[in-house]
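Look at the two complexes coming up: chain A is in both, with chain B in one and chain C in the other.
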Partner chain A sequence: MGRYVIRRLLQFIPTVLGTMFLLHYITSLAVQFSGNPVRALFGDRTPPPALLQAITERLGYGDPCLDRKGDPCLWRAAEDGGGWLGTGYEPGLFFDRLHGIFFNFDFGINLRQQEVTDLVSNAIPFTLKLLVIAIVFEAVVGIAAGVLAGLRGGSFLDYMVKISTVFVISVPIFVLGLVVREFVGVKFGNVLRGQDWIPDLISVGVFSPVFKPDYPFASLIIPGMVLGSVSLATTARLTRTSIMENVRADYVRTAKAKGLTNKRVIGVHTLRNSLIPVITFLGVDIGAAMAGAVVTETIFNVPGIGRLVTMSARTGESSVVIGVVTMLVLVVLLANLLVDILYAVLDPRIRYE
Partner chain B sequence: MRGKFLKVAVVATATAMLATACGSGGDSDDAGQAGGTLRVYNAEPAFLTPSGGDDEPSLYVIRQLYRGLVKYNADTSAVELDLAESVESDDQKVWTIKIKSGYTFDNGEPVNADAFIRSWNYAAYGPNAQNNGYFMKRIAGVKDLQPEDPDGDGPKKAPEPATKELAGLKKVDDLTFTVELDAPFSGFPTTIGYPGFFPMAQACVEDIAKCNETPIGNGPYKMDGSWQHNVAINLVRSDSWKGEPGKPDRIEYRIFADVDAGYAAFQAGELDVMYTLPPARYKEAKQQYGDRMFELAGDSFTYVGFPIYNDDFKDKRIRQALSLSIDRQSIIDAVFDGRNAPATGFVAPSFEGARENVCQYCTKDVEKAKQLLAEAGGWPAGKKLTLWANAGAGHDQWLQAVGDQIKAALGIDYELKVNLQFAEYLETADKKKFTGPFRLGWGPDYPFLETFLYPLYGTGAGSNNSGYSNAEVDALLKEGDAAESMQAAIPSYQKAEDILGEELPVIPMWWRKEGAIYSENVDQFVWNKVSDADYGATSLKQKS
Partner chain C sequence: MTDVNVKLDALAGVDPNALPLQVKNLHVEFRTRNGIAHAVNGVSFDLRAGETRAILGESGCGKSVTAQAIMGILDSPPGFVTGGEILYRGVDLLKLPESERRKVRANRIAMIFQDALSALNPVFTVGFQLAELFRMHRGMSRQDAKARAVELLDLVKIPAARQRVNDYPHQFSGGMRQRVMIAMALALDPEVLIADEPTTALDVTVQAQIMALLAELQRERNMGLVLITHDMGVVADVADRISVMYAGRVIEEASVDDIYASPAHPYTKGLLESIPRLDLKGQELSAIKGLPPALTNIPQGCAFNPRCRYAQEVCREEPAPPLYQVSPSRTAACHFWKEVKGDE
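Up next, the complex of A and B:
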């Protein structure tokens, strides 16, 4: 087990370096082909060249390789001519970035001279809250619907769950998000806000069309539900199939024969076993939910990681994109490793050598 | 529901009557009552320091936190003294500024000559990388703080400036200092109302990062807590402010990543003011909030420039013919829902000294266009006119309409070149590499005619993207700069504008109409013609 974990951890290194190089190359190409983003800051006012140069350098876009189209920015000509091992070249921008990130925990600054690490630490709490709401919603509603449908296969309820999950799965999240914001948050919310007997927490908090700092948790509930609904269908159907399979299993029949109450047969014997694939799915789904958060956070104005990535990709802030996506890659890698290890813990038949 | 609505309407009418009654009472308070919390829409500011913030969301916050030497009249955009006792000069080159005594920063530091000198030096010093360093360009000695790259092609390190202080700034006594400019400029007093010229405390310059998070202002409002990035900025009335106090007790800036989300929040009653609108919702908003929508033909200029460095556009008759074939109003109606005002001159209509119909070639006249084109020898046969704009900013549609109109009027075929991102597009402009008419815009830096003239049309000026050069225009602009007062300068600038109207280095297209909406809670909404929505002066209805 220990050796397995070490081997997996070692595999992280090429994965992370590869991702970072790709990100580095893509963002460098963006600067090389679409121009210095610092120039765009000034807009129609042409800045004095000296000032432009000073700000360009300060923000980390000063490397001459960013002017050469297609240059991967790996090496640069050494200033003193000697360079690395006498080749006349020394490590370039990519290695500067690696050095900054891994040795000094310095992810660079964005176009507004804010540290990327600060941006991320400000944004993480919002995204975490959103993810928790999404996963809880997805698990509770998805499993409940799956159990109901699974126990009465072919019934009206089963078809209703089937049809509604197809509906949810076929509406793209940005459409769902916009529709919910417009009709639930604004239109329906305005009706609620017009009624005096409804507490503010509900009318102003939960049904706020966008994230509201006064109600930091309540106003995240609806965005979280929208985010969770993407995988709701998969959870429900996975539970349904799993339940249907297990209901016919020998041990369930035995439990029934023993005369256990129906509640106990379903709740303990059937459901518990049926949940293993569902829990695995929910674990893996965190990665997918992060992708959904990019859209949901932008629509509902949640100041989390997803909105941060959207904004910085729009303005071409290389350091933010590289930093945040590298962190996300690490999170997904660690989550996957954890899930793999948990398999061994849950199922004694699985052994890692 | 109905009952509730009626009640609100009655209260609104009563308040309106009360306000009118107060207004007709003469010297009593007709500018609305103080108190309440004003919740406003904002995007995430870039910086909250006077030296750094040059974008709209930053300026909206900075203008309430800080105050400068002068301010602008909301209706006439005239310059009025704010912190300054006087701003005077004999030769328009050396200006003596006296500051009123008794003003302090929130941390108790005095607002004196040093506070201004410190702030301007800090902004101008190249290695500080402050966006408003640009605005110090007129002050003598600025080149020493922003040294040019010696070998001209991006060295590894920017050369270290020899000095950190602008040679043109001299302290006379605690409350007096002099500013020496590179060249005389009669409009100098108008420039210093821009937030880039606001003062900074010593404690702020010493720890600029902290001061950006929790600004130390000198204005009518101060920070309540620190800047909650991407979430909110809260201001409360400052006790240390000695001037006219702000109306609301509290201003809350809610930060939105996109304007559509902000509009949804406004519809849900979470915001009191939105200074801008999502273009797609304009018609709906106008219908729904008609009397609570504020509109004004603003000073944001869109033009189609000519690359005069290209032989095809050297003849002014070609330029006139192209301009004459465009029907601006029809494009504005079709593409922008009427949200622009056609331009017939080069200076914003709201400016003192602006006139209509300066450009004789800015209304559609196909016959005259054809005649001028023929006189100029026609357009090269078979050559396509390339129309340039930057990508992803929604310019394709109207530029295509311009191309279609030119094609219909003059038979010149066109192609659109709209694939460059903004940064590369601007670099193309800076390097003068356009091959055909190009879209660009301009917003004024200060309310003075010159801001629309020299930077765009002066020989070798920074944003003169056409490469236009006319000795007579240059001379007239200089004459205006050296005039003994701002009033006296206007005729010279107007003469220069007349020449531009004849020579057309650019085709003036339109002025953007500013549109803001405000909620039922707002009693009087104040829009300053220069600095836009003035939250400190906007009053809320008071519950009695």
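Up next, the complex of A and C:
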């Protein structure tokens, strides 16, 4: 097991480097094709060339490779002519960035000269709260609905679960988010806010159309549920299928033949086996939920990682995009590794060598 | 033995002198979308303490369904017991409420399944699955129950039981797994053990060991054994009496010696003739022609008539042949049992 974990951790290296290069190249292309993002700081005014030049250098967009369309910015001509191993070239922008991130823990700064690490550490608590709400919601409601539907296949409840999950799966999250914001947050919320007897925590906090800093947890409940809803449908369906397969399993029949109560036959012998695929799905889904958070946070104006990356991508702030997405990739990789370890814990037949 | 007395008190109406198991005119049907499958159509048999009764028949003849009906573990729906009685020491199990019925399972009537790998829960240790019986039925603590689990593994001759009790089913070999199944079935000292093809999934040498172990444990405990199988060799070795089933009916019932010496039903005869024999080497193996009927569409009259070389017009007419008394201790459901038996 230890060796397996080490091997998996080593596999992170090429994945992270590859992702970083892709991000680096995409953001460099954006600068090369749409021009220096620093210009945006001056709006309509034309800055003095010397000032523009100075700020551009200061913010890290001064590398000449950013003027050559399509240049991956891997190497630059060495100033003294010698360069790396006498090739005349030395490591370029990409390697500067790697060096900064991995040796100095310096992710760079955004256009307003804020440290990316500060931006991320300010944003991450909101995203974590949102994710916890989403995952708890989809796990509790999804598994409960799946178990009930699976135990009574073909019943009214089963059809309800089937129909509602198809509905949720087929509506994209940005449509669902906008609709919920408009009808639950604005329309229904306004009705609630018109009633004096409803506490503000509910009417202003929970049913707020956007994130409210005064209610940092309450106003994340509905965005969290929107974020969890798509995976909730998948969780419910997965649980349902898994339960339906397992209630007919031989070992469940054995459990019945042992004279165990129905509660124990289902709760211990059926559920433990049925939940193995569900729990692995939930683990992998943390990564998908982070991707979903980009959309949800933007819709509900939550100042989390997702909104940070959306806004930075719009203004072409390469350092923020690279830093945040690299962190997201690491989180997803770690989550997947945890899922694989958890899988071996849940199912003793699985052993990693 | 005090343990047994405690158990008997717990179930009202138990007559200690009655037979441990009597099945009378049992009917089971499966209500499926494609119609009703008549899986068991009036099966009756008795089981004495210490006796081994083999239920013999092809796949799909209703023998496993009979066993599941006795245990009360039919998948329902679609399976329903539609008639008959299942008597445990005079108490009709079919009339008991589920909470009482549950206590009969494993305590008084236990069952061994065919494929021990799928019949054992893959995610719990063998020790947990054995100890569970003592914890749930006897209210023992985890430690005491675990100690009893080790004793049971010892009883079924699993080497290093103390260590192996913490292993998972997939860590055992096929034969060892079946021993674990046997240990589980015998845990609460049942009076009746139903073994549903206990050796089918095993290779021949292991089969013999498992059957010997079963026979030994049965002798020690004077336990009634219902052995469900299609293996004529196993039956000849261990059974006292045989019920041959075809299309959900018992078509012949006799002692093992009588059946092997002179079968009185053409189906039994066909089964016996289809055993490969060394002295007939080089000759074509005789087989029963055709296929067993679909249980949704059982032929009129004698269900075996389309495949039977003795069949005549009367066999194709309702009602199906009754169980004729062939001798004081055996019956056969064939109009022509005299010809079948005499024609040797």
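One rule holds for everything that comes next: the second predicted complex is superposed on the first by the 338 of 353 C-alpha atoms of A that agree within 3 Å, B and C clash if a C-alpha of one lies under 4 Å from a C-alpha of the other, contacts with A are read in each partner's own complex, and residues count from 1 in each chain.
Convention: a contact is a pair of C-beta atoms (placed from the backbone, for glycine too) under 8 Å apart; a residue touches a chain by one contact, two chains touch by 3 or more.
A quick note: this is a predicted structure, and the numbers were derived from the prediction, not measured.
Visitor: After superposition on the shared chain, which partner residues are touched by A:Ala40: those of chain B (first), chain C (second), both, or neither?
Guide: First partner only.
Visitor: Between chain B and chain C, whom does A:Val186 touch in the aligned arrangement: first, second, both, or neither?
Guide: first
Visitor: Between chain B (first) and chain C (second), which does A:Pro91 come into contact with in this model arrangement: first, second, both, or neither?
Guide: In the superposition, A:Pro91 contacts neither chain B nor chain C.
Visitor: Who contacts more of chain A, chain B or chain C?
Guide: Looking at chain A, the partner in contact with more of its residues is B.
Visitor: Check whether A:Leu260 is in contact with chain B, with chain C, with both or with neither, and answer first, second, both or neither.
Guide: second
Visitor: Under the definition above, what is the set of chain A residues touching chain B in their complex?
Guide: Checking each residue of chain A against chain B gives 33-51, 53-55, 57-59, 62, 64, 67, 79, 111-114, 119, 122-123, 181-182, 185-186, 189-190, 193-194, 204, 208-210, 212-213, 298-301, 303, 307-308, 310-311, 316.
Visitor: Enumerate the contact residues on chain A facing chain C in the complex.
Guide: Spelled out, the residues of chain A in touch with chain C are 248-251, 253-261, 264, 269, 272-273, 276, 346-349.
Visitor: Please output the residues of chain C touching chain A within their complex, sorted ascending.
Guide: 68, 71, 73, 75, 102-107, 110-111, 113, 115, 118-125, 132-133, 136-137, 168, 170, 184
Visitor: Considering the complex alone, what residue numbers of chain B touch chain A?
Guide: Against chain A, chain B makes touches at 1, 4, 44, 46-47, 52, 126-127, 129, 131, 133-134, 137, 143, 146-149, 153-154, 156-158, 228-232, 254-258, 261-262, 264-265, 267-270, 420-427, 429-430, 440-443, 445, 455, 462-463, 465.
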